[in-house]
Amino acid sequence: MDWLQQLINGISLGSIYALIALGYTMVYGIIKLINFAHGDVFMLGAFIGFFAITRWEMGFIPALITAMILCAIIGVIIERVAYKRLRTATRIAALTTAIGVSFLIEYTMIFFRGATPEAYPQVLPKTTINILGANINSQTILILVVTITLMILLQFIVHKTKIGKAMRAVSHDADAAKLMGINVDNTISATFAIGSSLAGAAGVIFGSYYTRIDPLMGVLPGLKAFIAAVLGGIGSIPGAMVGGFILGIIETIVSAIGFSLWRDAAAFVILILILILRPAGLFGKNIREKV
Amino acid sequence: MTNPLVKLENVGIQFGGLKAVQKVNMYINKGELVGLIGPNGAGKTTTFNMLTGVYTPTEGEITFDGKSIKGFKPYQVTQSGISRTFQNIRLFKELTVLDNVKIANHHLANHSILSSIFRMPSHFKGESKMEQESIEFLKIFGLDVYKDELAKNLPYGMQRRLEIARALAAGPKLLLLDEPAAGMNPQETQDLMELIALIRKEFDLTILLIEHDMSLVMGICERIYVLDHGQLIAEGTPEEIRNNPKVIEAYLGEEVVK
Amino acid sequence: MLKVNNIDVYYGNIHALKNVSLEVNEGEIVTLIGANGAGKTTLLKTLSGLLKPKHGTILYNKQQIGGKPAQTIVKNGVIHVPEGRRVFANMTVEENLDLGAYLRKDRDGMKKDLNHVFELFPILKERRKQLAGTLSGGEQQMLAIGRAIMSKPKLLLLDEPSMGLAPLIVQQIFEIIQSINKEGTTILLVEQNAHMALSIADRAYVIETGKIVLSGKAKELQESEEVKAAYLGGI
Amino acid sequence: GCSGGSDGGDDSSSGDSGSSGGDSDVIKIGANLELTGSVASYGSSIKQGAELAIEEINANGGINGKQIKLVPVDNKSENAEAVSAAQRLVSQEKVDVMIGPATSGNVLATVQIANQNKIPMVTASGTAPNVTENEDGSINEYVFRTCFIDPFQGIIAANFATEELGVKNVAIFADNSSDYAKGLAAAFKEQIEANGGKVVAEAAYVADDTDFKASLTTLKSKNPEFIFIPGYYEEVGLIVKQARELGIDVPLMGADGWDSPKLVELAGAENLNNSFIINHYSSEDPDQKIQDFVKAFNDKYGESPNAFHALGYDTVYFIKDAIERAGSLDGEKIKDALAATKEISLVSGTFSVDEKHNAVKSATILEYVDGQQKFKTKIEP
Amino acid sequence: MKRSKAFWIYLAIAIVVYAVVQVMFMNGMLDIYYQNMLITICINVILAVSLHIVIGITGQFSIGHAGFMAVGAYISAICTMKLGLPFIVGIILAGIVAAIAGLLVGVPSLRLRGDYLAICTLGFAEIIRIVFLNVEYVGGAAGMVVNHATTWTYAFVAVVITIMVISNFTNSRHGRSCLAVREDEIAADAMGINITYYKVVAFVIGSLFAGVAGALYAHNFYIIQPTAFNFLKSFEILIYVVLGGLGSLSGSIIAAIFLTAVSQYLQAFPETRMIIYSIVLILVMLYRPSGLMGTKELKDVFKVKKRGGSEA
């Protein structure tokens, strides 16, 4: 029953990617910025959760909520301070700033607490369920449920609510959106708040699932999550989730057949193939510029 | 009559379910100035896009100068002698006026990358020839005073002219103008008409133009095609078109005719 | 209704509007004509809050709105149909229209207005589910006006609504402008098509390189030799 | 005993100072370390250890009456930066001795600078054999280390597996992004096969991975009786945890890269049962020196030391001992003194420097029992 | 005539700079630390300029430049260390093979635009790195020990050639075509420019010089390891180009020099090094989003000044 175990491994890895990718895709969707700092907000979320649990002695759920709220605030601050002025600048200037913000968060964190990792306390009850010879961790199921729930919630927000419509309008043409009476600044802030709180949630869940957190922990998952978002079609919420799962499963397969060192390469190969064959990703709409 | 310069036979294109253009048959003889009019969304720009290789027709055949150009990439179409302007101005905004024209002139020069990198004589010869020719074009359009200005800093009317100058610099036999008078006031439109007449003579051009300004279309076109819902509904001289009830109903409305 | 007093607007160092004053009374159609780059668009953008005046005041129903954020101005019923259509390209026609009614809460009224828009522009009804970005230029212009109607404008700012439209549609648009006006909406119309604009307007202003150079009754301006020479061409 | 904490400074001399550097009342120790970048935690740990040692030494009167000044320079965990950092230390800061980078790669990038400028360099954790010994068998004269070399630990682990645990079919799960882990894995494999055992499965991971389940599942299906996991505690903690979750309950073993109190927190005490670590020392060791170190470290930094901390600490004492014996700050003399080090007793064990400039020291094998390292056996080199 | 004058001026400046530095080495005013710093600056300038042609001139958003640098580094190291070829051959082969790598990467990926291209090039660079990580012939993770061969002369000559080639390319009909591609692909296409061809050409030239920089790098730092060429390295190069001003050759050169110097200076402040670096980066981007030089070149700045001066 190895393959079943591997499938479960893949899904549990993928759901973490998916969770981060959801926030990525939202932020990208609205201001077309590859927010490299997203992975670092994820890291901050993990640390906030850690402190909430160890210092302030909170339970898992309160810690999760605290991390989400604080990350939302951090996300809004980052946007207001660093990105807002650059809305009309070139994409590459914004991207460079995002790289700068990412470094700043990482190294400020290192400055205050060093680079050594921290171990998350065991907060989630853990039972291992054995199905057909495969071990499923109850946490895996929890993550899966959380990811899918959040995905549905987000999809609802973006497509059915007023703020969602405003988000999409702003993403296409901010000036025209203003003329509809939409408060563009608030809409963008709301997007960052939602995206960052998702990253925060992902951080706490990641921490309690894998136990290790450190100031640079956001770099790789951030990149992977971005790949997942692109795979699924950036801007598409179900796409981000499916992209996350696909990436998780592919990485698992590659490792399982003994090519674990090529795992990241495989992720990129898939990404490139998708981009070349279906540039808008699996769920994205490819709209050609009309001339 | 001799062979037409360009011929569209049963050309059509579909976007998803939408048949934007269907079964269009058109020809333009060498030296003619032909208009293409029709309601918004009729498929005029789409027809230009098919002619210039931006879209590949899903059916039909396009021949230019006796050869099929269907499936050509836009740059290949241009190199074989068709160039165009755009409905929404698409200049190289951050480049100078002169560079805009030189770029269009590009494919007429032939010094290689290596000769440029190593600054061989052919590079200097080629570049100075390009420079001279480009300035000539600018002079015709009264743009030579602006030659070192960035394109984005030109007044709108000048930008429209520059678009035409640039298209001409690509050395076309057939020039396609997509709403050249859009956004111009009547006075400017008048000037434009004179300009078109001038370059046509000067460069021995064949011109196909799209325009909603009837004063221009009726004033200078020798023959007019009318598209509606992707299909040709009329063809004829300005006089015939003006009085064609189908065209009046679909496009002109009563007022214009008066 | 609208009173603009001595405003100056800059783009960085470029002084785009110089000491501009104008007035629009309730129920009027006022048109602003002028050559390319004269500053017409700049003026409308300032009125709708996309740009901020450096000096001067803009009074709307006696309230200062100059420099206020766009959404506040929209809330007050000043609706701007921007130049170059600016429809939401990746959203459907229907979603675009919905966004026009972003600040509205009266569902019944919205439904009625939607039907009204579809009556005015039947092609939009046909293309309801199509993405706005793939519409032709003319269709997009109609959508932009339709979207503005959905915002229930009290004062409608129209920036070159006839640009790139077929003659028949231009006539229609001008008829629609008049009928919107009859229904009680005040209109400030910016146009290149001076003939048409002057023929439906009550009053007109002429702007040249950022300054108002002429103003008066539309009929009078239409007869004025100056205007004829500069803006009406030799027709 | 020699050096150690409390009674180190008051030896002989201190009168004259045949210093080569300009200012005569301080000894400058440059530290070219990974303080930012991908392995910042290693470099920072070494720096903390070194700072503690220097503080102690200075408090006790310094070396030959001179205070030590640490000049830390960041190499961003990059080869290129390591080179310029070394050059900076040598030509700008004019240091007397250098503490070398933490990773073998970065040490290799700087060995020629140490040699050419005759500034002795000691790495705390550059374990690759070719750090001190070139491919052609020549020795990098000015380069030393306080850590084990890779093959040593690999062989010990293999012998322990076959002899003490009596297993035959083993698996290896190595950190492939680290030459350290790869070196250990290679030596282990060779020795296991020499001992008549068999490597039934091999897998690898790279630093910063967090999910190892796919490879572990594959390893499990080959039914090994023992898994050797050379690597660093950051990943090993997660590997052990995930292995146990997947139902892998065979003995696991690693080397000094495992050593950190964090390992227990990361893996969970229970999961670590039935696993073994090769280390320089045991923090359980009642030896006063070790207990003093652990306490002093805890007092200063509020956490328990890991192997990098201990090695960084020892590196300073190793240098101090040599300078004292050299009686001069001349690079060549210090180098000779370092090379002549015999039986120096430090926190990470008692060691001598052999002709290849490697630290010859005993290794301790410890077993994790409910989160505590329990002494299992000691292996002499 | 005008152009060749510019060329001679350029050459004269280069010779003077070279001579001055050389003299300072000889009389010991610059020690090995500064020598190494100058070589590092040269390498970074080559990297910056070679990415400038891709991003600044052609507008193709590539953030995987370190991949081509890696190819150059490893190829040259193989040439000198394994095959015993002279260093200069190593440099040339490094450039050629990196250019071929650029071609192989460019042809499929340059069909993409903007951020998608960015992420695709990033992916390719990581794949290249992972390949080297897994090839034992070049030492895998442990890397390859490489003899020191890069001298100030090699580095400086390489910089001079790189700048000359790229600036000559830019100031020709070919460079203008690349600019057109940057400005508006659809319009460029309609003007008869084979946009794919020029994108690939620019990418190949960029990769070629990145390969040369890689060769100099490999032979300057004694060892090469795959981690040296990860995406952070690519970002570093990207930052030179963006900070200098997209489209400005002299801007990228100045930024590369400035940032290399700052980074070396900050070595002694490890705790705050990256914090300062990132704050500088963010501030420049916020207050000069088009980079230090914008699209201007150094000579434009002087021209304006001169004109202003004569009027006054």
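Per-chain residue numbering starts at 1, and chain names A, B, C, D and E are given in the order in which the chains are listed.
Keep in mind that, in the parts below, a residue touches a chain if its C-beta (ideal position, glycine included) is under 8 Å from a C-beta of that chain, and two chains touch if they have at least 3 such contacts.
Computed from a prediction, not measured in an experiment: that's the story for all the values here.
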Output for shared partners of chain A and chain D reads E
Counting one step per pair of touching chains, how few steps separate chain A from chain E?
1
Please report how many Å separate the Cα centroid of chain A from that of chain B, as a whole number.
48
Just the number, please: Cα centre separation of chain B and chain C in whole Å.
31
Centroid spacing, where centroids are CA-atom means, of chain D and chain E in whole angstrom:
37
Determine the centre-to-centre distance between chain A and chain C, using the mean Cα coordinates as centres, and give it in whole Å.
42
Within chain A, the set of residues that touch 2 or more other chains is 107, 110, 261, 264, 291
Among all residues of chain B, those touching at least two other chains are 45, 54, 86-88, 90
Check: chain C positions touching at least 2 other chains come out as 134
Name, in rising order, each residue of chain E that touches chain B in their complex.
3-4, 7, 165, 168-169, 172-177, 179-180, 183-184, 186-195, 201, 247, 295
Can you list the residues on chain A that touch chain C in the complex?
162, 165-166, 168-169, 171-173, 175-183, 285, 287, 290
Write out the stretch or stretches of chain D touching chain A in their complex.
36, 38, 40-41, 44-45, 176, 203-206, 208-211, 213-215, 217-218, 221, 234, 237-238, 241, 245-247, 262, 265-268
In the complex of these two chains, what residues of chain E are touching chain A?
55, 61, 108-109, 111-112, 114-116, 118-120, 122-124, 126-127, 130-131, 133-134, 186, 231, 235, 238-239, 242-243, 246, 271-275, 277-279, 281-282, 285-286, 289-291
Name, in rising order, each residue of chain B that touches chain C in their complex.
15, 18, 37-42, 45, 87-88, 155-157, 179, 182-190, 212, 214-215, 250-253, 255-256
